[in-house]
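A, B, C and D label the chains in the order they appear, each numbered from 1.
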Amino acid sequence: MGKVKVAVNGYGTIGKRVADAVTLQPDMELVGIGKTRPSYEAVRAAERGYRIFIAGSGTKADFAAAGLATAGTAEEMIAAADVVVDCAPDKIGRENGKKYQAAGVRAIFQGGEKSDVAEMSFNALANFDRARDRKTVRVVSCNTTGLARAASVVVPHWGVESWEATIVRRAADPSESNRGPINGIVPTFQLPSHHGPDVRTIFPDLRTATTAMVVPTTLMHVHVNHVRLTRPPADATAVFQRFRSTPRFHVFAPWEHVDGTPQVMEFARDRPNGRPDMMENVLWEAGIRVDGPDLYFFQAIHQESIVVPENIDAIRAMFGLAEDGATSIAMTDKALSIPHP
Amino acid sequence: MGKVKVAVNGYGTIGKRVADAVTLQPDMELVGIGKTRPSYEAVRAAERGYRIFIAGSGTKADFAAAGLATAGTAEEMIAAADVVVDCAPDKIGRENGKKYQAAGVRAIFQGGEKSDVAEMSFNALANFDRARDRKTVRVVSCNTTGLARAASVVVPHWGVESWEATIVRRAADPSESNRGPINGIVPTFQLPSHHGPDVRTIFPDLRTATTAMVVPTTLMHVHVNHVRLTRPPADATAVFQRFRSTPRFHVFAPWEHVDGTPQVMEFARDRPNGRPDMMENVLWEAGIRVDGPDLYFFQAIHQESIVVPENIDAIRAMFGLAEDGATSIAMTDKALSIPHP
Amino acid sequence: MGKVKVAVNGYGTIGKRVADAVTLQPDMELVGIGKTRPSYEAVRAAERGYRIFIAGSGTKADFAAAGLATAGTAEEMIAAADVVVDCAPDKIGRENGKKYQAAGVRAIFQGGEKSDVAEMSFNALANFDRARDRKTVRVVSCNTTGLARAASVVVPHWGVESWEATIVRRAADPSESNRGPINGIVPTFQLPSHHGPDVRTIFPDLRTATTAMVVPTTLMHVHVNHVRLTRPPADATAVFQRFRSTPRFHVFAPWEHVDGTPQVMEFARDRPNGRPDMMENVLWEAGIRVDGPDLYFFQAIHQESIVVPENIDAIRAMFGLAEDGATSIAMTDKALSIPHP
Amino acid sequence: MGKVKVAVNGYGTIGKRVADAVTLQPDMELVGIGKTRPSYEAVRAAERGYRIFIAGSGTKADFAAAGLATAGTAEEMIAAADVVVDCAPDKIGRENGKKYQAAGVRAIFQGGEKSDVAEMSFNALANFDRARDRKTVRVVSCNTTGLARAASVVVPHWGVESWEATIVRRAADPSESNRGPINGIVPTFQLPSHHGPDVRTIFPDLRTATTAMVVPTTLMHVHVNHVRLTRPPADATAVFQRFRSTPRFHVFAPWEHVDGTPQVMEFARDRPNGRPDMMENVLWEAGIRVDGPDLYFFQAIHQESIVVPENIDAIRAMFGLAEDGATSIAMTDKALSIPHP
């Protein structure tokens, strides 16, 4: 078959990254992006040569006044696509889903939508094969992706009796200037938090209990995990070697002097190619401990980018573009300049 | 006996609060405070009528140039005291301890010193009686005090099989302008963190595992606790009622609209009397959950003030000023305008 | 005459402070406060013994469910008052004004309302006498109050040819957890900013040009002023001595080690009496420079409290409770424990 | 002549960017970088293929233990270079200068060093020609570069009677986790600030007065400028058109919805090529006003990158690689993917 035609509906934090990622894949082509109004982000889209389709309440006149060419309406974009990656704000995706269904086009939704928005919830390491030939797939949220990736390593190798995680969330993305708190911590009064059940959309049998809070930073989330194992490894070295040999994990060594998320994202900004993103789960050798059956580890999650390669793999699974998950992940990572073990 | 003569050596975040607290007690008097150099904090000390004794490398000339009267040297202050509350920066307390011992004066140290700095580690709810007639006592740190208080409720009532806590720490106190991070999260690469062992200086048999990280806020620490109970209560209501009926706990109701630490500290600033401090462990009804044998709860800890009433109680225990802990706590709380159940 | 009966309509950042301040004045009594819904702030109001009147869309049932007694409706409160201090959110005050007028009660509005909401705009140092016998008065905003106070010193003593100020604004109050930015600077795209014209509601002939931006802090605003003088003083010493001898200015000396707003607000928290507020304009000796005809100085403005004494003085002016501004200011400052030169 | 051989001594915020920039120039080659210890930044240097030379107290064993190859000592790097760009921390550059002189190699210093560290202070738009054939050149600091660029437009076109600027500085770079304040504003008690005199190292006759403060953000500095002009333009449109037609200025339009520095740096992260940097002075149409002879404008300065193209142009000037500044600037901007009018 020819390249899969991908439309990206919604051009915010996730949408713009998915659009870039699609253009880098050898087996996909970008139909265009759906955007409501002209903005600095539309300027960059135009510079990248993306065709802009007018979504929502947007008008051609608004774009024209800004000197930005448009290629039609979101409906026209959808009609021209094999699959739409919906990157609209939370809850809007579900509404948009009706249009995709009416147009007979397949769709990928993001984790801001509830799991019943699609036939299945997806993570490339965990359940690639289950997405084969699906009409609709949901890529789980950034935090759930981080947990699901980690579970994909821990569950098969050492067995999990119970998994607890505290999720310390960034309060806003770097481009948002109207969200707080500026100085304070806001607990999430949902105990356990929704992240545990969301992980079970992928690992139905995993015993999880998660808690969450919001803190005044824009860079990354940080998880503290405590996993009770059934077949524990000898020591932390066995653990970080295993993570290091798995795609989509990055483990920092002590001599790298990466004290926290400021240095992680500096490392991302220093990437020789591509966006200043950290699409891998980030761990630290010094942040892993095995104590009898108990595994403790920190991981940092770049909320803006971690789901991007997962969206690409979801497309490949839905359209049978790769024989298995490992093949797709390797293709995606190569295209996105993610180091692959 | 007459009033116990208390000297406060070191006049920073903790020292100034302990000095204020001493002056409010009917059975104690403040000899004075030890301070190294003139500063805006010394101005306030003078306004409050505290006698300033020159500590460390300070000189009388420096204070005189600032128009601040001094009452002698720290050595003279120590000699005039029955007990010194050492509030010097971490690690300095241990050095100072030699002077106290040489002067034959009793001493209280703070939790920044290791536990062997004193004969015992103290928390008023947990082990008041153990401090009777001691020459040296260590009041545990703010986070350990918060955990020890909570354990004082949970252990006797519901039994604890294991206690896990993630401690999300404020990066600086409000008056510090040279500490970061400004934007980022810094994990504490000690797994488990030192807080667990520190709690066991008070509850030797408690099975704890704690993890920690630092976030960019100045207001309060927040703990997420997961406790596996041996005799669990029926539901969260039983838990928050129990906490609410225990001194040094404050539990917010949902209709109070306290979303996080910004509102908690606003509530503290609105106190009708006394400093804008929150000397109680702060919990939320909505932030407590009982799930079979598992108890989950958030608590916020005001790092600047939570140990202040504990220092007062420690003095009372050392000098036999109260027949038991409950009596001392009631006296202290009344004097400090802490609501008492 | 008897005490002036004051109602405070709106119990947020300003309202709660004005209510406290009223209760401390010998010539005023607090009728009560208007509040829409129960909250942690209502709890403190009740603890302070304030009568709560139900405002806006609030219901008696809501307060009753929270265990909070109410004394009637806001309309009843207004009817019982000689003057209402309106502390409702911006723009609501104007609406409320109709009720006050209908009830035949005098009213004070805050600076969030446009100047035509009242007969005159007020600052105690600048134009106390103009408020005599007024039915309606507007106390200018925190930043304008800070500028007007400073102008009250500079204009008469050294003459002003032109006054430029850059106003670096705190993004949120400490109790607000939903406002940003968390990391970034947001310029105010109004050049000059509205502060200059607002100062001219008090100093009509002052040539001002102000600019503004918002930064991620909650503590205080900071102004940088550059004033071209017509009769410049000899040096900065003359300037800080003059400010220091004027009520409602606090000037820090270098040996106090007050580097910025974190230490200023720590100084406020260390007040021996009253709220942890800084009701004075805050200057630094080291932050003043005279260079020929040019005066440069920094001042920090505590947005939460600086207008509080001005509201009290406005009441006194409206009701003829003091023979002149100096007398009223002295009374207010004594009652509020503001040091008075 | 062949390519100029450039060594970059110091591989922090500026050094790594200069090294990248050198490798992109057709007329330069990178000898290597000087680095003291292995770190995550050294990992990226190695990935980019840069030869690492061991500087300061570093040892080959340390790098070897980290698995990082080294190419020799900093002294060897210097000996192999035509010019060293010194990017060591402030004050170290002056020390290093002795080595460069001893080795007979030319040198460029950064603005953290005082102006007498080199023969002249440099800005490409302002004084390219003055750097011809120099042995030592100092590229002025980020804030001074921003002001000097702006002066390069304003002075010749509209004449300057006086230039005032308030410089609101970011407190830390994004990768720094140990600098504050977290919540507060710290005025710079130097009135006027050093930026004014530093601008006069480039525009000796410019009448400047600058003030500064530090705020808790990591992204960009923001300047508010007030310039009294001798030949003012008709309106703000004339001003932003002029800036827009000058290299190294970027002017945002209102419809782009760039409210402040968070969106500016998001725009930088969305660059189709190169680092997520904003090497231009950033202005806003809405942030410019002409009022008679008075020009007001905001500009945002990306402290990490703005001097990078200036370092490249300085090399070109010193070695006669371009016939004039405009030619060099065009070459540099093309190589660095900076849009060029």
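Throughout what follows, a residue touches a chain if its C-beta (ideal position, glycine included) is under 8 Å from a C-beta of that chain, and two chains touch if they have at least 3 such contacts.
This structure is a prediction, so every number in the text was calculated from the model and none was measured.
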| item | value |
| --- | --- |
| Selected from B-C, A-C or C-D, interface repeating A-D by over half of its contact pairs | B-C |
| Pair joined by more contacting C-beta pairs (B-D or A-B) | A-B |
| Rounded Å distance between chain B and chain C, as computed from the means of their C-alpha atoms | 35 |
| Chain B-chain D separation of Cα centroids, rounded to whole Å | 48 |
| Chain A and chain B, separation of their C-alpha mean positions in angstrom | 42 |
| Shared interface positions of chain D, touching two or more other chains | 174, 176-177, 181-184, 186, 216-218, 259-260, 262, 265 |
| In the complex with chain C, residue positions of chain A that touch it | 171-172, 174, 176-184, 186, 216-218 |
| Chain C - residues contacting chain D, complex | 164, 166, 168, 181, 183-187, 189, 191-192, 209, 211, 213-220, 222, 224, 226, 259-262, 265, 284, 286-289, 291, 294, 296-298, 300 |
| Chain A-touching residues of chain D, taken from the complex the two chains share | 16, 37-41, 43-44, 47-48, 62, 65-66, 174-177, 182-183, 252-253, 255-260, 262-263, 265-267, 269-272, 275-276 |
